[in-house]
Amino acid sequence: MKEENITTQDIIAEENLVYKKTRLMTDKVLSYCPGCGHGTAHRIIMEVIDEMGLEEKTIGIAPVGCSVLAYEFMNIDMQQAAHGRAPALATGIKRTWPEKVVFTYQGDGDLAAIGTAETIHACNRGENFLIVFINNGIYGMTGGQMAPTTLEGMKSSTTPYGRNTKLMGNPLKMTELVAELPGTYFVTRQAVHTPANVRKTKKAIKMAIKNQLEDKGGLNFVEIVSNCNSGWKMTPTDANQWMVDNMFPFFPLGDIKVDGKKVKKD
Amino acid sequence: MKEENITTQDIIAEENLVYKKTRLMTDKVLSYCPGCGHGTAHRIIMEVIDEMGLEEKTIGIAPVGCSVLAYEFMNIDMQQAAHGRAPALATGIKRTWPEKVVFTYQGDGDLAAIGTAETIHACNRGENFLIVFINNGIYGMTGGQMAPTTLEGMKSSTTPYGRNTKLMGNPLKMTELVAELPGTYFVTRQAVHTPANVRKTKKAIKMAIKNQLEDKGGLNFVEIVSNCNSGWKMTPTDANQWMVDNMFPFFPLGDIKVDGKKVKKD
Amino acid sequence: MGELKLMKGNEAIGEAAIRAGVDAYFGYPITPQSEVIEYLTSEKPEERTGMVILQAESELAAINMVYGAAGSGKKVMTSSSSPGVSLKMEGISYMAGAELPCVVLNVVRGGPGLGTIQPSQADYFQAVKGGGHGDYRMVVLAPASVQEMADFVKLGFELAFKYRNPVMMLSDGVIGQMMEKVELGEQIPRWTEEEIIRKNPWATTGKKGRERNIITSLDLDPARQEQHNHKLQKKYRQMEEEEVRFEKFECDDAEYLFVAYGSSSRIAQKAVKIAREKGHKVGLLRPITLFPYPAKEIQSMLGQLKGILSLELSAGQMVEDIKLAVEGKVPVDHYGRMGGIIFSPAEIVEVFEEKFIGG
Amino acid sequence: MGELKLMKGNEAIGEAAIRAGVDAYFGYPITPQSEVIEYLTSEKPEERTGMVILQAESELAAINMVYGAAGSGKKVMTSSSSPGVSLKMEGISYMAGAELPCVVLNVVRGGPGLGTIQPSQADYFQAVKGGGHGDYRMVVLAPASVQEMADFVKLGFELAFKYRNPVMMLSDGVIGQMMEKVELGEQIPRWTEEEIIRKNPWATTGKKGRERNIITSLDLDPARQEQHNHKLQKKYRQMEEEEVRFEKFECDDAEYLFVAYGSSSRIAQKAVKIAREKGHKVGLLRPITLFPYPAKEIQSMLGQLKGILSLELSAGQMVEDIKLAVEGKVPVDHYGRMGGIIFSPAEIVEVFEEKFIGG
Amino acid sequence: MAKVKGAIVIDTERCKGCEVCVGACPTDVIAMANEVNSKGYHYAYMAQPDECIGCSNCAIVCPDGVITVYRKKLVSK
Amino acid sequence: MAKVKGAIVIDTERCKGCEVCVGACPTDVIAMANEVNSKGYHYAYMAQPDECIGCSNCAIVCPDGVITVYRKKLVSK
Amino acid sequence: MTEEIIIAGFGGQGVLSMGKILSYSGIMQGQEVSWMPSYGPEMRGGTANVTVIISDERVSSPILTEFDTAIILNQQSMDKFEPAVKPGGYLLYDPNGITRHPERKDINVYKITGAKLASEMGNTKVFNMVVMGAYLKMRPILEYKYVVEGLKKSLPERYHKLIPLNEEAIKSGLEHLEEVHKLN
Amino acid sequence: MTEEIIIAGFGGQGVLSMGKILSYSGIMQGQEVSWMPSYGPEMRGGTANVTVIISDERVSSPILTEFDTAIILNQQSMDKFEPAVKPGGYLLYDPNGITRHPERKDINVYKITGAKLASEMGNTKVFNMVVMGAYLKMRPILEYKYVVEGLKKSLPERYHKLIPLNEEAIKSGLEHLEEVHKLN
């Protein structure tokens, strides 16, 4: 067939399919706001589980946060955890089912505020599971309150005049902190706002799960810096731009610890 | 008077007094085991408060741990906190009484296990009080169970065959961890088993309290590595020697952060 | 008359706290009560009165910040909703044990577990019988309007300091989220240091001109610990003598009594009206204090009653306190909805007729 | 007959857990129950049966580790004492909401707050009425001997899995710390993966050959949440039908009834003997399940009784359940000690005579 | 020379109109419709279908996973 | 030449016999008694009183704070 | 008099603030009012609704399942709330974005092209005020002067300069109410 | 028969294990027993005590305030437990470290120089067994063979080689019991 004659309809055919939502995402409409990174993050985790053929042995843990309903969307066995306690659940599961693949999916409020102790200690014990940490600098679900990761001067519904670090503390780099612990094996910070970033994040998740399968002797920790356009009160595309301009300088993307060793900064 | 004629009884006279237990320690017999460092740590804190004339404006916080009864011995206003929550109490007090001097006194179980979140977040917010952290590598009060700081291979009543780091996690260097947070201003690790160490520790506490009085904009954190001879099942002097040989290599003494800046290691 | 405003219950609490001269609020967000801290932070109370507002890292931290500040004689409060209040149980038991005053607001949502964020009254047992460990009690106030959300802040602190005991406001998603008109009191200045020391001589304010003060709930000597418990029990009995509060509607000639608190009582009041229109002599007792419970008031009415219906947004919790008061002298039944569902006045009347009047 | 040993209650629990084929124990030390985890770690159960023992960073972490493993179909338990159990309230409410089986041991100590480490029974309300948020119940087993500490582990798991619900063992410092002889059952093998999948088809064991399994206590839709609550309530009613357990001593001709559970019941039994020696026809009812409560049993005895005395190491908690059963038909009174003090048999008889016999 | 031509199918009813795909497309294929779907969102559509090279960028970044991508290798001489 | 001579007073009833002071003394003044106090502890005592230089080392490390130290400057020619 | 109203539409259409202004207007007129929003993460779905009750007597339950009046601003809300209008009650809607128009014959149905009118006024933000104006015409339970007072009370001082614009929008709504189906 | 015993002394004197051996001996003899230690941080003070009950019937409370027999090994325990012996009961003590000897005349008082005898045997660790021997002489409620069985049961396998030494100590205690004051 000549190029000129090909119509879009001709191309849309099973044999030409190159990308389709993984079947490990259910058909439920995502409960997230338009443009929220949660959906993308969900999807690539499920793609990895699918591509690695781990559907039958993976157990995921949803937190309390906007992603509380992750189990409605990820088409695998899942548990919903109390706010902040996902790493404790994961410990309970992985310790009793060491051959399963276990991951938690947690927001910054969940992981770095109420769940600080569970995060630090799961990392310190070197539990052999994956933590996916969605850092959107805010409590999305409850209406945009300050998170531990809210940037200095950033407005939220509990810092309506901007975060004053003198009163409300400094934004917390939880990922750098857990990288200090000998119990973490792979620690990285990624994003999902561009195709290139999505690909990198997916690669990171794949590596994390591979590490888990091979029991490399440490926890795998993947932070994804994401937008919460509703909480930030911006359009999704503005939010992504704001994230690049403001979040990334403070939360720089890239690997922090690989194969149990801190990555040298240059 | 000639030297030869002087008797011990002659010297024991008010005008020759050079050292006496501070009046800010009560006359109650300490509830600690013979040779336990808690007593020494108590006393030097009280000496500092006394020497700096802060008796009337200091509020101390006792944890749950062997030092739960610290308020029986420290002759100042004190509160007893729920296990691990001393930094939260201190935050409540200091925020509402910014002109008072506030300190917590916490064991390693209290501060680094159940109280991890409160410790990290008080440090991260840069609360302007002092944390004195007694690291004896074990849960003394409850009968010698493993603490987050129990060394690899070390026996405790819950690691009767020695701490297996693969199963029970790595000993946690909480002090190095909080030094990573911008909210800490002065972070140091000391000991009280020799006169020289006692003097250094006292100096550190004095500096910490001075920082607090001057509101240097951060939390002051003084770790004291101490023995728990009962928990370790050694005589006090053996325990101190064991501490020097085993604890100090892993928990090296010295300043970690001074004036808000990490001390360079050489 | 104070200023008239249209406010959410959660906002009214915040404004009332500032005006009541409260020294500090420590809390952690949770639906349906996050507006409390949001309102407070938006009002810059640090400028208005010097009140401290801090978003804690968790409910555990929040209740223990409250403990610390209360132990130093300050007026401090916190708020949360069901799962967050469960996390505060240890702290509340500690405060009761150490005899510390504070106000804790629970804007109850449907449980158990994460449940739902819709209104519920299923935390009655936790609030009233003691969800924490040990023998302790709190005065439990059940506001039924935005006005009472505001008023009970001041009342709550009065009782908290009178008894040196935590006071709980047991509200729910309806009262927290709804807007109604509310009349706000005048600004009361915060206590000065001198006032705190005078009013709260037990507080740890620094050992100045007196023996040291100690705040603790520990006594390893069982004999002394028992004495301490007797002292606490005496306090609770005094509350039962002096602090019972309730409201009655159409009770004079009532043959049947609805008992309902908080948001349920509003619906029950309407149900009373409908029932009366249908010819049933029904009255309503609204307990305002859930502990101490208006048991005597119920007992005093037993002569005239043929039946009592407890109306709660739960599987039936307060009904036990009614039964304990009634001792089998009159039939007591319960009707409730769960999981965030709210009954309607008509539904109540229907159930009432079925249970007491007969088909 | 199994092996006869002299063991502490806390140790017997540990040994019984290994032998019952329990998969994991997660806990945090606290007096007077730290021997549970100490015994377990000393026994190398990882070698004996593959059982996992982990000292968690806190009680919160422990109960949530239990949640995770239970959600994946494993037999898991935890233990603590009063303040630590308060910290577990949120987690327990979650497990009840998500319908997860587990055994939670509370070796109760004197409260409120940090209190004392001596024995107490003041956590009755928390265990029985629900210290966590929302309408939920647990089966509550009250062991009165080291033997029962061991036996109730197996029973507890049977009930937990039968109902997919947490089971609490409400013990105290006496039963936990004392040594008595105990006969231990044979080793039961731990469930295999295949057995777990067959017995617990709801568990998250990996989506293999079936639709995905979800463990959650959340339902944002109030209508469905209410349905879920009805389902839970139905389960609790079934427990009331099928699981009431109690023991009676000298009740046949009794005119007065002592009611006591756990360590108190042992002392009460002696008191019955003394009272009978003094000519009083006294019997003892020992509830073994505190929820479901043997209310019907008490009701069935009302015809013969002149009075009931509830004996608890508390300010009086279980006495409410007795009163709810009795509905005023017979005088019900309470005698208790608090803060870690234990009553003596003679003391009980004296109080009984004073309250019921007169002068 | 081998050339590829692509096409995407957007589930417009599930599109939330976030526009994230728009910027991700290297060849500016996608635009937002003036119409709204039943949820009230202006959904994305192929405004320049001929430009599509089937690179999947749009699908990869779509938070709601509503884009399916097809690609065909064309051999033109 | 100025010389100092010291003395210590140990509250033997409160001494717990931990021996920490013994090793801390630069001049080996302190030893443990064969007798026990009422708590059953072999308490510390000045075995070599003449050697004491009043340096306070012992008192500073005594966990129970039971040592009081005196020192006198002696001027001997 | 008791008027029980549900206002429902997308988040961002000013549903909650319309309810608040109506409530404040009721207060200004000396009446009892309640305002109860839907709350929680269902807002993520983009819908928002509020129940407003204006009454001569104390409001019992602020949460209702049936309404005297429904003000409906998108299709989802139409599907959900058309059936919830009491027989004989009122339904007001904006046809913009509505694919299935109201079908009930036992209620009064009105419409207002609020989105269109607001954009014609050059300010889509006053959309909710146009709709409110139409409501006030349909259900004349509030005197206009109290509505203006209510408006003032519910706007923070710094927005008082916008009051004339809002009044204009209300008036536009008052003028453009269209009857669709009226019971007699 | 019911024998209610308190054994009290310093931590480290083997108080708890003496109680455990007595208890096990009771079991071997077919009796009901209970063993209840003092627990918790008071142990920091250095004292330890255990209540042992050996009885023909099921033990009711394992915690007591009065005892048939007190075995007292330091002064603090003497102060605390001498008054707690029932009239007509028994008190056994080791005079080592005792500054105030028992004064009651309504009870039977015996002593055993256990510390001395044990150190003469060259093994201070068997001190508690010497005292136990004396107790068995004073209160002959347990047959010797059951005591040996009890000893075996309560020692872990790896310590069984120490049984002869322990038996020797028990016998020394049996032989050296001294009567101080006996009721008739």
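We call the chains A, B, C, D, E, F, G and H, going by the order they appear; numbering starts again at 1 in every chain.
The rule is short, and it goes like this: contacts are C-beta pairs under 8 Å (C-beta built on N, C-alpha and C of every residue); 3 or more make two chains touch, one makes a residue touch a chain.
Remember, predicted model here, so these are calculated numbers, not experimental data.
With steps allowed only between chains in touch, the distance from chain F over to chain H comes to 1. At the far end from chain C, in terms of centres built from Cα atoms, lies F. Among the chain pairings, C-D comes first (most C-beta pairs in contact).
A straight line joining the Cα centres of chain B and chain E is 62 Å long. Look at where the CA atoms of chain B average out and do the same for chain F: the two points lie 25 Å apart.
Chain G has its Cα centroid 55 Å from the Cα centroid of chain D.
The distance from the centre of chain A to the centre of chain D, each centre being the mean of the chain's C-alpha atoms, comes to 40 Å. Multi-chain contact residues of chain F (touching two or more other chains): none found. Counting partners per residue, chain G has 40-41, 46 as the residues that reach two or more other chains. Multi-chain contact residues, meaning those touching two or more other chains, occur in chain B at positions 32-33, 68, 80, 82, 113-114, 116-117, 120-121, 141, 148, 168.
Only residues 23-24, 26, 52, 54, 56-58, 60-62, 64-72, 74, 76, 90-91, 94, 98, 204-208, 212-218 of chain C touch chain B when the two sit together in their complex.
By the touch criterion stated above, chain F contacts chain B in their complex at residues 3, 5-7, 9, 14, 16-20, 22-24, 41, 46, 49, 52, 54-57, 59-72, 74, 76.
Chain B meets chain C in the complex at residues 55-59, 61-62, 68-69, 71, 75-82, 85, 88-93, 95-97, 100, 117-118, 120-121. Listed in rising order, the residues of chain H touching chain F in the complex are 10, 46, 74-76, 97, 99. Chain B contributes residues 1-3, 6, 8-13, 16-21, 25, 29-30, 32-40, 43, 192-195, 198-199, 235-237, 240 to its touches with chain F in the complex.
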